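Here come two complexes built around subunit A, the first alongside subunit B, the second alongside subunit C.
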Partner chain A sequence: MAVPRTTTVTRVRRQLPTSPWLFAAPGLLIAGAFVLYPFLSTLANSFTDRRTLIPGRFVGLANYREMLHDDMFWIGLRNSTLYVLGVVPALVVLPLLLALLVRKNIPGITFFRSAFYTPVVASIVVVGLIWVWLLDERGLINSLLETIGVGRVGFLSDQWLLLLSAMAVTVWKGLGYYMIIYLAALAGVPRELHEAAAVDGAGAVRRFLTVTVPAVRSTMVLVGALSSVAAFKVFSEVYLMAGPSGGPAGEDTTLVMLVQRTGTGLTGRVGYASALSVVVFAVTVALMLLVLRADRKEERV
Partner chain B sequence: MRISRRALAAAAVCFVLPLSACGSGSDGGGPADASGKVEGDITFQTWNLRANFKPYFEGVIADFEKEYPGIHVKWIDQPAEGYADKISADAAGGTLPDVVNVSPDLVAPLAKAGLALDLDKAAPTYGKEYLEGAWASHRIPGTTGTYAFPWYLNTGPLFYNKSLFEEAGLDPDQPPRTYGELFTDALELAKRTDGEVATLANVPTIEDFGRYGVPLMNDQGTAFAFDDDKGVELLTKYKELYDAKALDPQALTATPESSGKKFLTGAVAMNPGSALDLGNFKKQAPNLYRNIGITDQITSTGHVNMYVMGLMVNARSERTPAAVAFAHYVTDAEHQMSFAKQVAIFPSTAGSLDDPYFTEEDGTDETRVRIAAAKSLKNAVNYTPVLFSEQMKTALRNEVAKALQGRQSPKEALDNAVKACDTLLRQQG
Partner chain C sequence: MSVLEKVRPERKPAPAREPRVTDEHGRRVRVGELALRYVLLLAVLALTVGPFLWQLSTSLKGPTEDIYSSPPSFLPGDPTLHNYERVADTVPVWDYALNSLKVAGANVVTNCVGSALAGYALARLRYRGRRAATLAFVLAMLVPVEGIIIAQFTTMRELGLNNTLVGVVLPGCVGAMNVLLMRNAFLNLPYEIEEAAFVDGAHVWQRFLRIALPSVKGTLAVVAIFAFMGAWDDFLWPLIVLSDPSKFTLTIGLNYLHGTFANDERLVAAGTVIAVAPLIALFACLQRYFFRGVGEGAVKG
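Coming up: the complex of A and B.
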């Protein structure tokens, strides 16, 4: 790759060794002010007993030790983990199937594509409230269930059903977004591969598993990583459906809800909430690494 | 592959970094002096009052500016939702307005952080203009001062659905008044409707314990005490209601909005509210409006709970004399009286409740309700302990919920709640 250097390039390099940094400066400044600084200050706060209006003292690992004995922390960790386990497989697989359905160019398909994408555009608060109405003890869904003789189901009063309902809303809302990502990936799958497989006598299922899936595998990893991070940090859906106190007896509290509840307001415990945030950060980083690792391992095979 | 991994890394950075921390803390300011020249620009913040009372406040501000030509008042209004968060962001960032509309529980942390002006020191002469109880409601256990001018009072009426009472064979003109009557009626209503109609939509709050006659804190205000026999008795009764569906099955996750909606749709027979709700019923549920009954809060102590609004002066204000003068002006007898004539609230100034406006019937329902409320306000108690924070509310609520679900006994629940609240109290410092 020996490209002859032009004199201009050499001169610029020699005169302004800082120029790359200057180009990056606006972005770096913004990232520094709004990402790095808040992160570092959260990290620092997590070792103090700071409250909203009262500056904290250094307390070492006391906040982290407190977590071990805080029932609410374990409930939050459990729920956030369950959320990942429930939501991620669905969000990796379902949008792919949906994308396969809507990629065909048949008349009227645009309608379906937009329909599936609509929940993505809608505000999560609006969507959440609509589902709360639908799932209410006397909402549409329960009236239907009653009509067909199943009887009312306490979607919003049972702790597990509540969590499941919230997961369903997350999946439903995310379908369209990941579908678009898969559509882009599917466009890159060579047609010939499918044709060759078909000639070899592979059926639709076989072709899906041996041609489509390997071709979009990296996209699946991306979707898995994005959705697992988002799922672990779930807040809005559960907050809207289970209420600010986190469902019956707080059993549906997620970690981020706990951060919000602990750290906000005039009596907020900023120190403890920061420590909780750091744990959320650590777990999400671990999740990312795990997904990437799985990807690399498979690649080697 | 490489691209997608880089995308992952980028995504990781954007998605993962957690919530940011808030601004700087405080360093405790001494109380400023209210004597001195009354002048300068001050900011006045109200709590969700612009939408309904814009002309009233503009009038008050104009009159004040006429009386004190050196002062200009800038009025800002914050929505009801997230008011505490807004104040805490301002307080932490040092941008708290000069005069702030607060409730006692909001004043407590601000006073402890040295952000609320101690009126006993800065303006001691004004105290006697107000009802004693109202003035005392902005005293904080553990501190010595009084940290806000009392403003308007309210008891919040209790609405009930007369037709639901009637259908269940209860006398719609004899709503329950004490907790004992409430429990009897609620169980009856649930029995007659096969659990279709609940009477209550909310789990008991700290105010319920207060009105039931449970001591909420010890005398020094240093620890909570609502886990005594009386408290256990109340929670045991609520558990019975919950099992009979006389307490709505969704009560454990109810919010004021959701229970309001249940009342509107006739799924719940009683709901606490404010005078503003009447207009809402008229618009959204005309059927209900025709059958609406209005009564006093349920209480077994003879005292209803009173909600107190106050005006706090920012201790860091650079215009303390002007801010104190304005806060006093808005809360003096004359202006509280004129505000009370705008909307169903009640003045906290001494003697105002004896005004014919609050004592003489004129035959209308509205006046009847007003006179009844003014009467009950005279011996009302502000049950909510000023130190009872949002976090404590959640702790109590969750322990109560576990008791209602039968996962722990009422006694265990209240012991746990008291323990959790005491820990939070200590952590507040």
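Coming up: the complex of A and C.
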């Protein structure tokens, strides 16, 4: 030891009280100023009539009462809820099937795994615009439909078809991501189970339902939780495909689109948009708890 | 947790003298099943990568070529880069790309530095308030961005940073999840080496830079890649904070291009190719870290 021990200890001791906080300071500052403080100010603002350029005053529950009579709020809540119901089952099941497909190490499989992940890497704006063009009245999909004699479909002009198309795009973009999560889970399934089931004469479908599904059940819950929270907060897909005003008569507006439209810009109604944000936050937390509770209940059985 | 690393050790390369395809358990795969697998793989490939190729094909079609033909022509008859010149004449697309690069580059640097420092403080340094600091990051990670975006916007206005690139970077510049990822990485290192260095008289800063940091390069690479991808692909926040078209990032610029010149599909296609090409290149080079990030992010997120 080159340095005498006594001086080392005093030097280290002298540094200890300050340096840990210096290390953590940048991170804490950002988390505090741009996440935790905005969260508290969202709660506080939801009880005021604050606007972007006007400080606002306390109005109690007026924003929440207004919400109950706001048609746009109910449309947004309906669409975001439908989005969860439409997207989550597909994103829990399809990536699992895909993971089973790319699981075996047959020649070229690394290429396929990577290729299936490409939509995850692309920006949602790129993905949205690619599909706007594919689903266009005169786009590729309608050309193909016309060629085979089905005729053209107004994917982007009908209120419900538009929402459905946006859901399909969300699923398309998420497939590869959840596929990778399932692939990790499948790697941990003991092969003896499969072999025993095969010996017992179980077919592929039966083995999938009785061996694979129970083995990756906790991963399915995780994927369900992640995808339902993400689906409820949907913004970009619908914004790009339906336009900023939310499709025909605004009928395709989602809750986060409504938050963005209401609260931003120079005339933004910050108070009301904050109340809407609180609803987004509350539903998100509720969805998480719901999925986790469903998981625990099933475990008890 | 890396998926590929988990899957890889199971691969058993076929012996050279007896070429045959085996599954992950080392059993032979039947030819019929193998053919079915490849057919399915190719179908999914067409579905996931096809849309990108169609966009590329559209962007290369000249002004005289019919892009709406039915049946569609998949390859450009006379490929040309004309649309890439035109998109740069219509909107300053290269400035947008530069803005995106600045935002993404800054996001990488701040996230790597900030989360490594804070993660080290949370994992290694002994000080009062450490648990409170950890809790702050956990809470910050759980708050959904969409729920606080209006408050972030008003905070940015109060700081006078709306409509600047600094304002785009700031809220996400030290992600709470990245801090916790780095914390876990540091926690997984054996403590004895650092203890030895401590006894040898190395102070906090030396132990951090010379010993701990070089051992968590892998996690740091994951943080860097996801910081780059997150900033490059982000849409909602830059859409809210940027209003001056000269400051747009690529995603906002594409949305602007689409909204203003919606009828010119060739231009939009060229723009989306410019936006997505760098990320696909990055992904092609650094796949391992992309997949590893999915595993770590899913478990923690």
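Odds and ends about this structure:
In this section, the second predicted complex is superposed on the first by the 271 of 301 C-alpha atoms of A that agree within 3 Å, B and C clash if a C-alpha of one lies under 4 Å from a C-alpha of the other, contacts with A are read in each partner's own complex, and residues count from 1 in each chain.
Here is the rule we go by: a residue touches a chain if its C-beta (ideal position, glycine included) is under 8 Å from a C-beta of that chain, and two chains touch if they have at least 3 such contacts.
Note that the coordinates shown come from a computational prediction; the quantities given were computed from them, not determined experimentally.
Aligning the shared subunit A places subunit B and subunit C in steric conflict. In the superposition on chain A, A:L101 contacts subunit C only, with no contact to subunit B.
Once chain A of one complex is fitted onto chain A of the other, the partner contacts of A:A115 are limited to subunit C, with no touch recorded for subunit B.
In the superposition on chain A, A:D49 contacts subunit B only, with no contact to subunit C.
Of the two partner chains placed around the shared chain by superposition, subunit B and subunit C are both touched by A:V280. In the superposition on chain A, A:G268 makes contact with both subunit B and subunit C. In the superposition on chain A, contact of A:V229 is made with both subunit B and subunit C.
Counting residues of subunit A touched by each partner, subunit B versus subunit C, the larger count belongs to C.
In the superposed model, A:L292 lies in contact with subunit B only, and not with subunit C. In this superposition on chain A, the options for subunit B are 26-34, 62-70 or 80-88, and subunit C clashes with just 80-88. Comparing the two interfaces of subunit A, the one with subunit B and the one with subunit C have residues 34-35, 37-39, 41-42, 45, 50, 52, 136, 138, 222, 226, 229, 233, 243-244, 259, 263-265, 268, 270, 273-274, 277-278, 280-281, 284 in common. By the touch criterion given at the top, residues 1, 4-5, 7-8, 11-13, 15-22, 24-27, 84-85, 87-88, 91-92, 106, 108-110, 112-113, 115, 249-250, 252-255, 258, 265, 267, 389-391, 394, 397-399, 401-402, 405, 407, 424, 427-429 of subunit B touch subunit A in their complex. Of all residues in subunit A, those touching subunit C in their complex are 1-3, 5, 8, 11-12, 15-17, 19-21, 23-24, 26-28, 30-39, 41-42, 45, 50, 52, 98, 101-107, 109-110, 112, 114-119, 121-126, 129-134, 136, 138-140, 142-144, 146-147, 172, 175-177, 180-181, 183-184, 187, 191, 222, 226, 229, 233, 235-236, 240, 243-244, 256, 259-260, 263-265, 268, 270, 273-274, 277-278, 280-281, 284.
By the touch criterion given at the top, residues 1, 3-4, 6-7, 10-11, 21-25, 29, 34, 37-38, 40-41, 44-45, 47-49, 51-52, 54-55, 58, 68-72, 110, 113-115, 117-118, 120-122, 125-127, 130, 133, 136-137, 139-140, 143-144, 146-155, 157, 170-174, 176, 179, 198-201, 203-205, 208, 229, 232-236, 239-240, 243, 250-251, 254-255, 258-259, 265, 268-269, 271-272, 275-276, 279-280, 282-284, 287, 290-291, 294-295, 298, 301 of subunit C touch subunit A in their complex. Within the complex formed with subunit B, the residues of subunit A that make contact are 34-35, 37-39, 41-42, 45, 49-56, 136-138, 154, 156-157, 162, 218-219, 221-222, 225-226, 229-230, 233, 242-250, 259, 261-270, 273-274, 277-278, 280-281, 284-285, 288, 291-292, 299.
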